[in-house]
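The next block holds one structure in the form of structure tokens; read it before the comments.
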Amino acid sequence: MPLTENEFRPKIVAFCCNWCSYAGADLAGSSRLSYPADVKIIKVPCSCRVNPMFILRAFEKGADGVILCGCHPGDCHYSTGNYYARRRMTLLFSMLDYLGIEKGRTRVEWVSAAEGVKFSQTMNEFVEKIKSLGENVRLGDLRCKN
Amino acid sequence: MQRIGVFVCHCGSNIAATVDVKKVVETVLSEPGVCHAEDYPYMCSEAGQMKILEAVKEKKLTGIVVCSCSPRMHEATFRKAAERAGLNPYMVEIANIREHCSWIHKDMEEATKKAVILARAAIAKVNLNTPLQAGESRVTKRALVIGGGIAGIQTALDIADAGYEVDIVEKTPSIGGRMSQLDKTFPTLDCSACILTPKMVEAAAHEKINIYTYSEVDKVTGFVGDFTVDIRKKARSVDSAKCTGCGVCQEKCPSKKSLNEFNRGLNTRSAIYTPFAQAIPNVPVIDRDACIKFKTGKCGVCEKVCQAGAIDYNQKDEIITEKYGAIVVATGFDTIKLDNYDEYAYNQSKDVITSLELERIMNAAGPTKGHLERLSDGKAPKEMVFIQCVGSRCSDNRGKSYCSKICCMYTAKHAMLIRDKYPDVNVTVFYIDVRTPGKNFDEFYRRAVEEYGVNYVKGQVGKVAPLPNGKLLVQGSDLLDNKQILKEADMVVLATAIEPEASVRQIATMLTASIDTNNFLTEAHPKLRPVESPTAGVFLSGVCQGPKDIPETVAQAGAAAVKAIGLLAKDKLTTNPCTAKPDELLCNGCSQCANVCPYGAITYEEKEVNDHGIRETRRVAQVNGALCQGCGACTVTCPSGAMDLQGFSNRQIIAEVDAICR
Amino acid sequence: MQELVNRAKELLANGTVQRVLGWKAGDMAYNPEPSYFESEADLSEFVYDAFCGANLSKYMIEASKKEGKTLVFLKPCDSYSFNQLLKEHRVDRDKAYIIGVGCKGKLDIEKIKKEGIKGIESISGIGMEDACDTLKIGTLYGDKECSYQDVMLERCHVCKGKDHVVFDETLLESRDTVDSERFHEVEKIEKMSPEEKFQFFQKELSKCIRCNACRNVCPACSCRKCVFDSTKFDSAQKANVDPFQEKMFHIIRAFHVAGRCTDCGECSRVCPQGIRLHLFNRKFIKDINEFYGDYTAGEDINQEAPLTHFEFSDREPNEERG
Amino acid sequence: MSHRNYSEKIKEISGVNPYKCMKCGKCSATCPSYNEMDIKPHQFVSYVLNEDIEALADSKSLWKCLSCFACVERCPRDVKPGKLIDAARQIVVRERGGDYLSADEIPELLDEELPQQLLVSAFRRYKR
Amino acid sequence: MYQIAKNDLPALFRKISETKELYLPVRVADQVNFAAYTEDADVSLETLKTVKSPKDAFFPQSETLYTCHKEENKLSITPEELQNQEFVVFGIKACDVKGIEVLDKVFLSEPVDTFYKARRDHGILVALACNEPEESCFCKAFGIDCTDPKADVATWLVGDFLYWNPLTEKGAALTDAVKELFAEADDSAVQKQQETTKAIVEKLPYMDLSLEGWNGDVLTEKFDSPLWEELYQPCLACGTCTFVCPTCQCYDIKDYTTGSGVQRYRCWDSCMYSDFTMMAHGNNRTSQMQRFRQRFMHKLVYFPANNDGMYSCVGCGRCVEKCPSALNIVKVVKAFQKEGGDK
């Protein structure tokens, strides 16, 4: 997709667990399943490594959307990591919603190493969603806006 | 500040066709810490790696960023290259500009921009990288095998033959397992006991093997190379050292009404018993629930008749604590309960039996002394029906979704044996598919059809109904003839699905080994590491990992043994350095991290600390680097940030976030 | 109140305890301060009345390091905090002699002032022996009256109950003070549109001066060094320079105490700007109850905490409520 | 309506995923009306998959199925052939047009002696 | 002296804010603090004490000092502009006016704080006399007359009128700009109100608070007192007292990374915080007792020692009202008094 003037291009951070989702992203890559370049992936060992601080930090510094991908429940390389992540993110997202931050700026998706298609689909959907929400103005530090 | 070198790979045209690599090189040069950047067609080639070596030397680099393919491809390669250049291997980070960039984007400007951002994130991370040293831990040269069936015995023998001590823990009074209950084995029709018993004897006699029967694993702590296990030796009420195995006690025991587990409850046994004649050890146990002495205080017959004076009613459970370097799980299987399958009348008629029960009936030591007869009236059957896939391949919640794998073959075996021994008996097998992949397997099945005249009907049975005349009405379908079949049978044999032994859940929990929805233990990798559990130092042998027949079980047992031997052969283990690390000065000692650690790697210590001049004793978290696998669950649970993950530290991840969002 | 003093004297005299942790009369009717009493003579200044809202359980962290036992007076709600600290190994049960004291609802001086009462010289009707229906207030501007119930601390309107969850003995009777639905305020906000929610919290949080009173008084926020004071996350802040930082601080603080917060209400009590901080914690409590089953932090120290535990069937984060 | 659409409609009404069938024939083995049927229960699935709904609609089986749901109960793959044929029957009934009752008309016509089961199964069958 | 009907105050505010930024007590979410005037602001002149003192107007809780911007390898530095527009702080009380004098001692003596000075130069203080002092007030102990504030303009609210008396040139200039809204008035009503208020002041509970024995010369005596060890115990180490205080002037300087550069800003700090003056080796005050002591020693001993006997407390009583543990400077002074008396 070529860059066109004035088009809103969101900044999107995707945390991917090393074992499933990062590999899923690799598979999307080797299967040439495209998704917008707005998505940048950060590798973490497990979805349970993702601290709510990281997610808020991303928004602080100007992210428009943050997505966390991990192994499907039951498939965690560390047996239980994604279950903890699931509870943490459930609560965090609920709090963000409560504070009036638009739903959909945050998302959790379970993507296995075999789900290249799902990875790319998820990212396409997520970017669309963030584009429809527009720029993140409610949860960023204004000092980072210029 | 680090001195970082950035190396951008073209990957032929894989990257360079979409990402302007020169532009990336140019742009990253202005990033903090970067003092060298270059591009090369194939960074992973020897020549490419030499570029790294040269740059490290010339520019005195302290950190490396390689913009290339996924770290899953070549992270190890570049880490080794860094090591050759004299750097710590963990000073390398990969920016994945192939799978995550050039391969999924088409527009060069956009892809280049993204590649720069990914490189920046990696640079920001490397700026905070610290050299990490893989730790070492010792290896106890002793293995534990949980389960004394053919899988456990074979594993133990193989490990012991390699010269290491092995302990087998078996929960029943004898080793032997399911195989000892079988009459004959496919596809050779060997007598099961004839091939198993020598193995049992060999194991018992092996100087490196120590067998704990009638024992269970109570507690497991520690980690790969250094497990500590509590084994509960249940009170046998018979002193093994004194017992001569003469068997008089069993003969004289007045309580003979207990269901005989070995014969699948088809007949009864005495309260003091050995499960079967060839039991090892040949020392009986007293079933305290059935024993009159234990129930009423009176009796004591066995004590009176025992010439060796081996009966000891006061024996107590004994806990043995032992250290092991490796643990092999070989807990085996059981058949599923058929309570949910009313249509097969298993609970209504004694003449509807499972295949494992048929094994016992066919066996000379079984409840009918090997005569094929109906359990209801002892009459010889004339019509026998076998039903396949009972509880297997069921996607409803009554059965198991998987194929139990062994049923097609043993049913062919049963059919063949019956037709051979009792040619006047008609045998009909209802099947969905006959699955016979395996050496000489299909030939075996075809023999049953072609030589022994077994009637195979493609179709499933819908209902088995006991008739007033004592027979069983079997209503099945023949899909090939498109007919519904009504057949009066004398006996119906159900090829019942198998499932992992119930106790495996508890054992998996103790070992922190993962388990799937069907209770099968999970492999570290389904294809490439099929006999290892994801938990280091724990190996899988036999059906606990998935349905298998005997040859496969034995093969896997050997494989598990080799893996265990490979571990035991090492004097020291190097551990993953990307482990959690607490900052003792910040630790609150609240235990939340320990609560989420799946490996039990976190313990607490009362420790004297010097917090900027304040000396006090505090409860602080300690991470065992050998146990920790580096998931990071603890780091998020820790509110003060005292717990951090080396290699993926809070500040490193935040630096990546910042670099991406700026 | 005299019963408390007498019992404290006894326990000091017979050597059961080395010191007493309670409340010392202030120089106004409404400002008693948490205090240690080491001797019988010290206890002459002991007070226990409707203004002893301060939760003493957090002081037990330091008291646990002292020589000998400390007698501490805990109100029913305070005992939850103590128990939670016990669960987290921050206090030593053996170093504490706990007298669970009854409570008739504690008062909020800010609410009295909001009623337009100023220049307060004296307040009567605040003793444990009083009926707790009307307060008589002597002021520089004449005598005033107000209803006890109207000026109670927010937390007392949604009191957890009259029972102590941990104690060695109990003294004095408690009173039922509940007259509000605990999650009513949270539900009201949940029903707002995203824009309304955002404006509501933006306004509320814009008052925050980052004095850290909420954090420092909180028994769950007992970290030796808070992440907002340390370099661990590159997150040290001393002021809310941008509205984002107000949100960051309060979201993370609430998250860190999620599943550990006993809803003791101290944060809201001490906020100099009257920010209703419990709205954050109570949101998490409500969510936890709704998603993972009822859980009251501090109630049972053997119960698994919601965030260090999971079920295979837990809801998904993206799931809509309901 | 094309056949393909019929096929989709049947899947929709029955809630059945015919691809789950592993062709074991347990439905046919179970069916009490088997001998009366021209298309056998285990074949329902392939008719739906092959989009040969016309044959199914013209079959005797459509009217011979007792809706006893034994096949539904025993199917190991949760395919529920009984639901498939029931769906086909509904389509045929609907095609015939409006000679069935609307829910509002029913209460007046109720006979007190009418078994509850009948009502429920009538609703299940005739609800749009 | 001039007067203006209370009802006409919005017109006055509007008029002032046409040309100048106007800060005055505004109620937001139930709390009154100084804030910029807007048409829909809920102005509350009746509030005796705003939660925070108006020192923000001159010494904001946080202010950017300069911004660094990075582009490729080029670094540019943009200093923050100094205040160059006049602004008015309306409704400041006598104690808070004195508080600003205290700040002046710190920020206007060499080396002069240019940010502060620019604000002082451009700020016009319109003080408002107190009518109904409260029990936490003890400004009298510091020689402050709350009925007669000394600022650029002094005002009084009496009955339905605001009385307005310019005291300085700046005050006069402001008065000229808004004179059209005023009527001439004599000071009889004001005097009457002053007497009423003074009578109340005499009855305040802290009326007799004496600072005897607190001066710049008692450093070791007070510093070494064992009383501190007792007094600090309930302290939670929060910064409430320092942040509501009109005289506390400690600040920290920090950098914020914006992605494209760095903003250097300063923000209030509190000597009550464990990371106050934190250095590489740690903190020179290791215990909360030391930090607690620091605050009061500073206000009552060190500051007078360096500033001709001026205390850096003005008796506004905000700490008395806001301390979560009911600690405050009065309790400290009284405790020492008692100790002295006992001896």
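Going by the order they are written in, the chains are A, B, C, D and E; count residues from 1 in each one.
Operating definition for what follows: contacts are C-beta pairs under 8 Å (C-beta built on N, C-alpha and C of every residue); 3 or more make two chains touch, one makes a residue touch a chain.
If you're wondering where the values come from, they're calculated on a predicted model, not measured in any experiment.
Comparing the chain pairs B-D and A-B, the larger number of C-beta pairs in contact belongs to A-B. Put simply, the chain closest to the centre of the protein, by Cα centroids, is A. Placing every chain at the mean of its C-alpha atoms, the farthest one from subunit D is found to be E.
The distance from the centre of subunit A to the centre of subunit D, with each centre set as the mean of the Cα atoms, comes to 45 Å.
Between the Cα centres of subunit A and subunit B there is a gap of 33 Å. The distance from the centre of subunit B to the centre of subunit E, each centre being the mean of the chain's C-alpha atoms, comes to 70 Å. Each chain gets a centre from the mean of its Cα atoms; for subunit C and subunit E, those two points are 30 Å apart. In subunit A, the positions touching at least two other chains are 51-53, 57, 61-62, 74, 80, 84, 88, 141, 143-144.
Looking at subunit E, residues 256, 258-260 sit in touch with two or more other chains. Across the assembly, subunit D contributes no residue that touches 2 or more other chains. Every pair of chains that touch is listed here: A-B, A-C, A-E, B-C, B-D, B-E, C-E.
Put simply, subunit B touches subunit C in their complex at residues 583, 585-592, 595-596, 604, 611, 616, 619, 637, 639-642, 644, 650-651, 654-655. Per the touch definition, subunit A reaches subunit E in the complex via residues 61-62, 141, 143-144, 146. Those residues of subunit A lying in contact with subunit B across their complex are 1-3, 11, 13, 22-23, 25-26, 28-30, 32-35, 37, 40-46, 48-54, 57-58, 61-63, 74, 76-81, 84, 88, 120, 144.
Residues 70-72, 96, 98-101, 103-107, 109-111, 113-114, 117-118, 121, 512, 514, 516-517, 534, 578, 596, 598, 629-633, 635-637, 645, 648, 650, 653-654, 656-658, 660-662 of subunit B are the ones touching subunit A in the complex. Residues of subunit E touching subunit C in their complex: 28-31, 33, 48, 51-52, 61-62, 132-136, 200, 203-205, 233-234, 236-240, 242-244, 252, 254, 256, 265, 267-270, 273-275, 320, 322, 324-327, 330-331, 334.
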